[in-house]
Every structure is written in structure tokens, then in C-alpha cells.
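Labels A, B and C are assigned to the chains in the order they are written; within every chain, residues are numbered from 1.
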Amino acid sequence: MSASILRAENLHLWRSERHVLKGVELTVRGGELLQLTGVNGAGKTTLLRALCGLNHLEEGRVYWNDQDVRADRAGFHAALVYLGHEPPLKPDLSGVENLRFWTGMRRRVTRAAIDEALRSTGAGGFGTRPVRTLSAGQRRRVALAGLLLAAVPLWLLDEPTTNLDTEGQHLVATLVDAHLQAGGLAIAAVHHGLGIEPARLRELNLLA
Amino acid sequence: MTWTWFHRLGSPPYIYRLAGRLTPWFGWIAAVLLLGALFDGLVLAPPDYQQGDGFRIIYVHVPTAWLSLMIYTWMAVAAAVGLIWRIKVAHAAAAACAPIGASFTAVALVTGMLFGKPMWGAYWVWDPRLTSELLLLFLYLGYMGLRASFDDLQRADRASAVLAIVGIVNVPIVHFSVIWWNSLHQGSSLSLTGKDTIATPMLIPLLLSMLGFTLYFLAVVLVRLRGEVLRRERAASWIGEVVAP
Amino acid sequence: MPEGLTPPLTAARLVITRDLTLAFRRPEQLLHPLAFFVMVTTLFPLSVSPELSQLRAIAPGVLWVAALLAALLALEFLFRDDAQDGTLEQYALSGQSLTWLLLGKTGAHWLLTGVPLSLMAPLMGYTLGVPAAASAGIMVTVALGSLALSFIGSIGAALTLGVRRGGVLLSILILPLAVPILIFGSRATELAIRGEAYVAPMELLGAIVVLSFTLAPLAAAAAVRISLE
């Protein structure tokens, strides 16, 4: 991946009458992780969704590789993956089936690649069971495999370590680190640090 | 030059003040026109040779029916403008139109029923024009119901805008129903291009009535528009200057 | 379209496959609209008259009203699950055209609700005194009408996402738009029952179907994006 860069200038957003984003600015380059911190309700999720284009920005611009994202929404979306609070997994489908559909939206993916991804997130043992039989932590591991399979430069993560034990949190750090090393970039809303080395780390604290 | 004017229309304080200034004019002229139309239509115009005096209800029925369609069209256009260019004043205008349009539709239906009894012998028939006009009323009510179901005003504006735009298909159906199908309802008496099929002494009060009701609509919608603008601009700074605490 | 991205038709096919797979993992859910259809149809002989000759006269209307109500019931669940678990969000962020994805989704919904209804309709028609020879005509007309209904209904379903008691509001919103389908559909069914040519109303119904599956997904996509904001 050539050097990617995400830039946001002067983002303003209102939710009903609450001024949630007040002139937010950020820059993230390939190989960097931006950690979003702030109390509940400060606007971390809102900012992530606004960067994707899900929430409408009253003012401000977002630039992906120096191009205004509004000029090519589809292209921007094809370069990012967003993982919200709840992993988007269908309870009645297995992990493998879920990933086949989720990734298949973007590109062809082989069963071997899915299995490989599940193994690297520690979900290899339960990939073929229906997701409703899995614990919250196991579901998150399946969702993380989906992140790997997306094979996109920009990761937008909303509290990626939710429901994970210490080993799981370490897994997230490893995955993010590998992604950064390959030149990808990530923005993560977190409550405590992911444990990425300071050289790659940027921080943005949102005030309520 | 024209675009500055358009942009000014999108400015809530400007619209608020403009609406306030225009309302009394529209209101008083409407009152004069409607009184004139009433007098002319009820007293001066000769009775119809077939229907006697019963036809006079058209002086209320025709304008309200015509306006019920026009108001929906304007509402849909305003909603589209608000949706595409995200202009709050446009959404306020659409919201302001809806209850008025619904009322006019209801009046058109009721006056139509009162007309229908002596004309066709029945208060209601399921003919294409009446049915599609009834559907128009349901569309208005659905629009208002959808708006009311959201707490977030912005979502209410945008969702109801989609509904208003989708529902526009009904307007040509109502209008052309008398041409496309065999309808009990009579065809158009007024034409922009062809010859009018209605006698002049009956036409004058009808035109006065149309104009009067239209100005009445404008007066009322501007009052409602101010209210809707205030609702959307509650937190803005200019509110303090125009609204006394 | 971004290069390397799955083509829209393939993505739509994936959506259909996924929805069909999910539906067949919980087949009981498919029976609810059918059961409702059967129950509503039986209300008429019970409340109006058990006379077959009278029932035969009102059969087209009864079948269509019952099918419409059953379809409205089923529409409530078109987007509900996907909205709740974040799937709709992922669709909007997939780089795919949301319009195509919703086209697939609504098509799958019709396969799961409209088609079973159209297969059940001649059976219920028989209980209302309709000759068995009219079965094919009934099936075709109800199938076509329910297709248009699914698409038009998808707009209402998208608009009422997340609204409390959204089901009732959905029905109120859709009803004015569904009336033309009802009118032409029941007219076509009536002609089919009498053994006459029903091509004319079918053509109008067909026109409505074409209009709805080309335009409705656009409106539904706009409504979905609005609900995600």
C-alpha cells in the first residue's frame, strides 16, 4: 500500500440541538493509530460515523488521500472497514457463512482464506457453529477475522476490545500493530490504550 | 443576481421577517376577494339551467379541490429542495403546508359530497376522481403521522420528505382521472389553452374565489412557516431579537 | 465503481442468498403471513354469509384484501433484523450501491412471502366457491401484485425503521400507494375467475410492477440512509 492519509478539518455536527462535534481536526497517516478518548457521550462514535459518511456533517471536510471523500463516496467506502459496538453477525449463520457474505460484498474470498483469518484471531475452533451459540468474546473474535479479510487500508474501530479478556485485548493490539506495519491506518475509540508503541500512536481526546 | 435572492430565501431570519410582512397583505386581500366571490356567486350569478341553485357550491368545491393538489405539489417540491440541498427553511415550508393541504382536501371531499347528492343522487360514489382525492387525504395524513412519530426533527424532516416525493404520483392521477377513465365526475370546465366551457357570469365569481382561497392559503401558510422556522431555530442567536421573552 | 469491487449483481445475489438461507433456518417465521392470510379469508364466510354463490361474487376482493394485509404484516420484518444488528450499516458502507442491495433484499422478501401467498390463494379461493379452473389466473395475478407490493412496501418499511409501533404506521403510509395494485389486481383476478381474458388489467399491473422495482429501491435506499444518520 502506498502511503495513505486521512485528514479531517473543522468538523461540526449537531444531534438534535446538541453541538456534538465542535470543530474537530485530525490527521492520520499510514502506519499510525489514532486513539479517540473521551467520556461516554463525548462523541467518539459520532465522530467515527461522521468520518465514514453515515452521519451528516454540518460543516467541515474529510479528505482521503487528499481527495474530498464526497467526490467518490463509493471509492472511500471500498477503502475502509467500520466495526461498531455490536459485531454485524447473523445469529443463525455460522462464523464462516457470516464472513463469506460480509467479505463477499467487497471481493471474492475463498474458504481457505476465511479459515486462515479465523485461525489468526483464535476463532478457528468455532467457525462453523451458529453465531448464536457463541459467547460475546467469541463473536468479537469472528468479527476481527472479518477485519482481516476486508484487506483495506483504513480501519475504523469502535471499542474493539469490548467483551474480550486480557488475551483477547492483546490479540487486538497484535492485529492493529500488524496492520500498521503493513502501512495501514486505524482510528479506534477506546476507554484505555491499546498498547501500541508510542511512535505509531496519536491521541485525540473529545470533550463533552 | 437571482441566486442571491434564492440564498436569502434560505435564511431563516429573512424568511421570518418577510413572512411577517406579507401575511397581513395576503390576508386582507383574500378576505375582500372571498367576500366578493361569495356575494357574486351566491347572489349575482344566475342559476344554472340544469342544476338550479345547487351548483353554487362549486365556488367552494373547485378552488379547494384545485388547491388540495397544488399544495401537495408545492409541499413535495419544498421537501425535495430541503432533502437535496439540506435547506431547513424548505423543510419548514413543507411542514407548514401539510395540515392546510389536508384541510382543503377534506373540504373538497365534503363539498363534493354535498354536491353529489342532488347531482348524482348519492353522497359518495367510488369513481376514480373521488377515490384518488380520498387517497390524497390519506397521503397528507400519513405525511403528518410520519412526522409526528420522530422525536428528532431533522429525521422527521428528511423521512417525511421522501414520503412526500413518492406520493406525488397521486397528483397527476387525481387530475387526469376524469380523462383516463369513465368518470361520473365532470371534466375540466376551465382550460388555460382551450375555450372555457362555463358561462362568463358564473366564471367571474369562480376566478375570484380561486384567487381568494389561494391568497388565504398563502396567508395561513406564512403564519405556520414562521412557527416552523422558530421550532427549527430554537437555539439560534437571532431568536432573541425577534421573539420577546 | 471502485476497481476490484464485487459487481452489483453479484452483491445483490449474495444478499438474496443470505436472506433465503436465514429464512430457511427459521422456517416457522415463513408461516406467519400465510396463517394470517388463511385466517382473514375465513372471516368472510363466517361474518358475511356461507352461501357459495355470494362468496364467489366477493372472492376476488376478499383474496386481495387478505393478501394485502398479510403482505403488510410481513413487510414490518423486511429491514428490522438488519437494522438492529448493524447489517444495514455495513451495506451502506460496503462501497456497493445501496439501491442494488435493497433490490435484492426486497426480491428475496417477495420470494419468501408473495410467492407462498400466491400459491395459497387459489386454495382459499376454492373455499370461497371459486372454480378450480381459475387457479392459474389467481396465482399469476396475486404473484404479480404482491411483487409490486413488496417493492412499494419497502419504502414504507425503510421510512418507519426504529419507530415505535412502526407496523401500524407502515400500513397507513403504504395503503394509499397500494390501492392501485389492489384495484387492478382484484379486477384481473375477477376476470380470471369468470374465465374471461384478464390481459388488460394485468398489463397495468405489470406496468406498476416495473415502475415499482425500478424506482422503489431508490426511494428505499434514501430512506435507509436517513434512518442511519
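Here is the rule we go by: a contact is a pair of C-beta atoms (placed from the backbone, for glycine too) under 8 Å apart; a residue touches a chain by one contact, two chains touch by 3 or more.
From a predicted model like this one, the values you see are computed outputs, not experimental measurements.
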> Hey, which pair has more contacts between C-betas, A-C or B-C?
Replying inline: A-C
>> Quick check for the class: compute each chain's Cα centroid; which one is farthest from the centroid of chain B?
In response: A
> In terms of Cα-based centroids, which chain occupies the most central position?
Replying inline: C
>> Between chain A and chain B, what distance separates the C-alpha centroids? Give it in angstrom.
In response: 49
> In angstrom, rounded to a whole number, how far apart do the mean CA points of chain A and chain C lie?
Replying inline: 36
>> With centres defined as the mean C-alpha position, give me the chain B-chain C separation in Å.
In response: 33
> Could you say which residues in chain B touch two or more other chains, in rising order?
Replying inline: 154
>> For chain A, give me the residues that contact two or more of the other chains.
In response: 56
>> Where in chain C do residues touch at least two different other chains?
In response: 229
> In their complex, what parts of chain A are in touch with chain C?
Replying inline: 52-56, 74-75, 77-82, 84, 86-93, 97, 101-102, 104-108
>> Per the contact definition, I'd like the list of chain C residues that touch chain B in the complex.
In response: 155, 159-160, 163-164, 166, 169, 172-173, 175-177, 179-180, 219, 222-223, 226-227, 229
> Okay, in this complex, where on chain B does chain C touch?
Replying inline: 83, 131, 135-136, 138-139, 141-142, 145-146, 149-150, 154-155, 158-159, 162-163, 165-167, 169-170, 173
>> Taking the touch rule as given, give the residues of chain A at its contact with chain B in the complex, in rising order.
In response: 15-17, 56
> Okay, in this complex, where on chain B does chain A touch?
Replying inline: 86, 151-154, 234-235
